[in-house]
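Next, two complexes with chain A in common: one pairs it with chain B, the other with chain C.
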Partner chain A sequence: MAFINLKNKVIQVKIVYYGPGRGGKTTNLEYIHRRFQDRIHAEMVTVKTHGDRTLFFDFLPFDIGLIHGYQIKVQLYTVPGQPKYNATRKLVLRGVDGIVFVADSMAVCRESNVQSLKNLQENLAAYRKSLVSVPWVLQYNKIDLAEQGIPVLSVEQLERDLNRGFGRPAFPASALKGVNVAATLKKIISLAVTSIRDELM
Partner chain B sequence: MSYTLDQRQLDRIEDILKADLVDNGVRCVFLIDMAGNIITNLDNGEKQHDIYSLAALAAGNFGAVSAMAKIIGENEFSLLFHKGKKENIHFNKISSEFLLITIFGNEISLGFLRMKVAESVEQLKEVLEPLVPGAGG
Partner chain C sequence: MAEAMPGNALESELERRLEQLFPEEEGPERTPAPPPEADRSLLAELKKIVLSIDWEITPEAIASFIDQVRLLREALRKDRVAGVLLNMLGALGYYIQASRSQVHPWTFPVLNAVFARLEEVVALAAEPESERRRRIQPEINAYQQLRAKIAQGRQRQPVAAAKAAARTGGGGESERPLTAELLARALAELREQLLAEIRSLRLLLEAREPGR
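The block that comes next holds the complex of A and B.
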C-alpha cells in the first residue's frame, strides 16, 4: 500500500524479499547496503535471534531519486524464512507493493522453495492479494555454488517449479558475490512504481 | 492499493498534531500506516531520530501485539506504552490502517498524554477515514 504525499511530493514504496530460510534474503539487503552506501544514509535494521537468523524482519530504506517529479523512497524488508515464523512473515507482507521471491538453487532446497511460494500465496490471500495482482520477480540465488561442486537446480528446473503459469522476470544470482542483486532490485522497483502509477491514472 | 494525501489534508493533520501534542510538550509525534509508511512527523526540534526505521519497527511491533491479542481472545490492544528512563513511547491505533506514535519525556504525565492523544485521534479520524475504504473503526 504505497503512500503518496502530494505536499512534499514523496512516494513510499514497500518491497518485501520472501523465500525459504537461509536462501539469501538478508544477504541481498546486506549487499545493497554496501553497494549503495552513498545513497543509503540509514543503518540497516535487523531483528535477529541469537543464532543470527532473521526473527522478525530486516529493514533498509533508501531514496532512488525523482520519477515524474516525485521523490521515491523505497523501503526494503525481508521476512524470516523459517516455517515456524509464519505469523511474523504475514505481518511484514502487510501493505506490500512489490515482492522478490528469493529461491535457493541448491538441489536439496527444491521442496522448500515450492513450499515457501505456496506459503506466500496463502499469506497474500489473507490481504486479498495474489501473485497475479502484486508485482513480483524471482531470484534464483546461490548459482555460484555449482563451481564448488555442490548440486544446484538448473534454471529450467527452477522455472518449471516456481514460475510456470506466472512467467515473471527471473534472475539467476549470487547474493553473496553481488551477481544480479542490483538487477533484481531495479526490476522490482520499476514494476512496483509502474503498478502504482497505473493504479492512480 | 495506494492512497494519497494532498497539501490541505496534510496541513490539517499537522495542525492537529502540533496544537494537541507538540505544543503540549511532546518531543516527537508521527502518524504512520500499518505498512510502516510515514504520513507525517513533527518534533520539537531537540532531537532527530531515524524515523523511517522507527516507523517500520513500530508497525511491526503493533502488528505483533495485535496478533498476540487475537491468540488470547482479545480483538485488539488499541494502545501500547513503553517506558524508558528518559524517553517513553506511546502507540495509539486510529483505525485498522493508521497508528499514532508519540515520544515524550517524564515531564508529561501518561494520563495527560493519553487525554491529548485521544483528542487528536478523534480529529484525525475525520481526515483519514475517507482515504482507505474499510479502514474505519
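The block that comes next holds the complex of A and C.
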C-alpha cells in the first residue's frame, strides 16, 4: 500500500522494475533519468558491482505534481536480477504499488524470464500479494536485437510464456534506444495511482 | 482523496500530467546517425592497410596508414568517440614510422585492438555516447600502458646510445644528405604528430571526465 500523508496531502507511489538479470531494468531507469531530467529534476541513486551489475537496487524518485490537490511522488526502483540476490528483491518489493516486469526478448532468455516471473509471484506471496492484486505491466525489452540477426522471441511467444491468464498491458521495447520506455512508465503510474484511489474508496 | 477525485477526472488529469512529463512525440532519443557509405569504405581501406602492416611493415604501408587515419578523422570529425580511437591510431602510426624496427612489442597488439574497437563503435553509432565511451575504455588503458612502457624505454635509451657511439667513434645515421624538402617533410610530420598527441590527450581527458 502506498504511503499516504493525508495531513500534508502527499501520496508516494512505489514502482518496481523486476525481471531476469541483464534484462534492461537499470537501462530503463537510466534512460528515464537521462531523457527526462530537465522535466523531472531527479537524481538517480545506483549501487553497482565492479562488473556494472546492480548490487542492491537503483532508485529514481520524482514528483508528478499536484493532482486534485494531492502531491504525487513516484519512486522507481529496480531489483538485482541475479538469482543469488533474492533477499534484496523481496525487500525491495515491500510496499510496492506497481510492477514493470522487464522480460528479455532474446531467445536464449526464455527460461530465465519464466523463472523470474515465478520468483516474483513467490516474493509477492510473502507480502500476501499476487499478480492479480498488484497492478503490473510487461515490457518485452531488446526487441530491436532482431535487426542485428540475434534470435529473439516473438511477441506472441512472450505473451504465451508470461502473460497467459493475466492479460496485462505489454510493451515491445528497446530500453537502450528508448523505444516504449516512457509508454511503459506512464501506463504503470496510471494503473498504480488509480488502484490506490480504488483502495481508498 | 476518494471524495476529492472522481474516477474520470483523476485519470484524465493524471494522463495529461504524465504526457507533459514524458512526451513521446519526440520519438526515440536522438543519437548520431550511422556512418554513411563513404565512411564505411574509408574504414574498409584502413582495415586492408592494418592487415598488410600486420603481415609486413614497409615505409609505404605506414605512410598510407597515417594518411588513411587522417582521412577518416576528417570524415568522422563529429564522432568524438571514434575520434579518440583515431587519434590513438594516428599517434601509433607516427611512432611506428619513427621507430621502425625498434617499436615496442606491445605496439601491434594495441594497434589491432584499437582498430577492432573503432570498427565496433562506428558500427554502433546509434548507441548512446556514454555506452560507446564505456566500450573504448580498455583500449584507452592499453594505449596509456604502452605509452608508459615506451617512455620508460626512452629514458634508458640515451645511455645505451652514448655507449654505442663511444664504441663506434660517434656519428649516428644521416647517411642521406639533408635537403630542404626532407627537412620540411620531417617538420610537417613532427607537427602532425604533436597535434595528434594533443588532440588525443584532450579527448582522453574528455572521455574520463565528460562535461568538463
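Please note the rule applied: the second predicted complex is superposed on the first by the 198 of 201 C-alpha atoms of A that agree within 3 Å, B and C clash if a C-alpha of one lies under 4 Å from a C-alpha of the other, contacts with A are read in each partner's own complex, and residues count from 1 in each chain.
To be clear about the criterion, a contact is a pair of C-beta atoms (placed from the backbone, for glycine too) under 8 Å apart; a residue touches a chain by one contact, two chains touch by 3 or more.
The structure displayed is predicted, hence computed values, not measured ones.
Colleague: Have a look at chain B and chain C on chain A after the superposition and call it: clash or fit.
Modeller: fit
Colleague: Figure out whether A:Q12 sits in contact with chain B (first) or chain C (second), or with both, or with neither.
Modeller: A:Q12 sits against chain B, while chain C stays out of touch.
Colleague: Report for A:E111: first if it touches chain B alone, second if chain C alone, otherwise both or neither.
Modeller: After superposing on A, A:E111 lies clear of both chain B and chain C.
Colleague: Which partner does A:Q75 reach: the first (chain B), the second (chain C), both, or neither?
Modeller: A:Q75 sits against chain B, while chain C stays out of touch.
Colleague: So, A:L185: does it touch chain B (first), chain C (second), both, or neither?
Modeller: second
Colleague: Please indicate which partner A:L200 is in contact with in the superposed arrangement: first for chain B, second for chain C, both, or neither.
Modeller: both
Colleague: For A:F36, select first, second, both or neither according to whether it touches chain B, chain C, the two together, or no partner.
Modeller: A:F36 contacts chain C only, not chain B.
Colleague: So, does A:I4 touch the first partner chain B, the second partner chain C, both, or neither?
Modeller: Both: A:I4 reaches chain B and chain C.
Colleague: Considering only C-alpha atoms, give the closest distance between chain B and chain C in the superposition, rounded to the nearest Å.
Modeller: Superposed model gives a least chain B-chain C C-alpha distance of 10 Å.
Colleague: For chain A, which residues lie in the overlap of the chain B contacts and the chain C contacts?
Modeller: 4, 196, 200
Colleague: Okay, in this complex, where on chain C does chain A touch?
Modeller: Spelled out, the residues of chain C in touch with chain A are 1-2, 4-5, 7, 9-11, 13-15, 17-24, 28-29, 31, 126-128, 131.
Colleague: Under the stated contact criterion, what part of chain A meets chain B in this complex?
Modeller: Interface residues on the chain A side: 1-8, 12, 14, 42-43, 45, 47, 56-57, 59, 61, 73, 75, 77, 87-88, 91-92, 94-97, 196, 199-200.
Colleague: In their complex, what parts of chain A are in touch with chain C?
Modeller: Going by the criterion above, the answer is residues 4, 11, 31-32, 34-36, 39-40, 64-65, 67-70, 72, 174, 176-179, 182-183, 185-186, 189-190, 193-194, 196-197, 200-201.
Colleague: For a test of understanding, state which residues of chain B touch chain A in their complex under the given definition.
Modeller: It comes out as residues 1-7, 10-11, 33-39, 50, 52-53, 56-57, 59-60, 63-64, 67, 97, 132.
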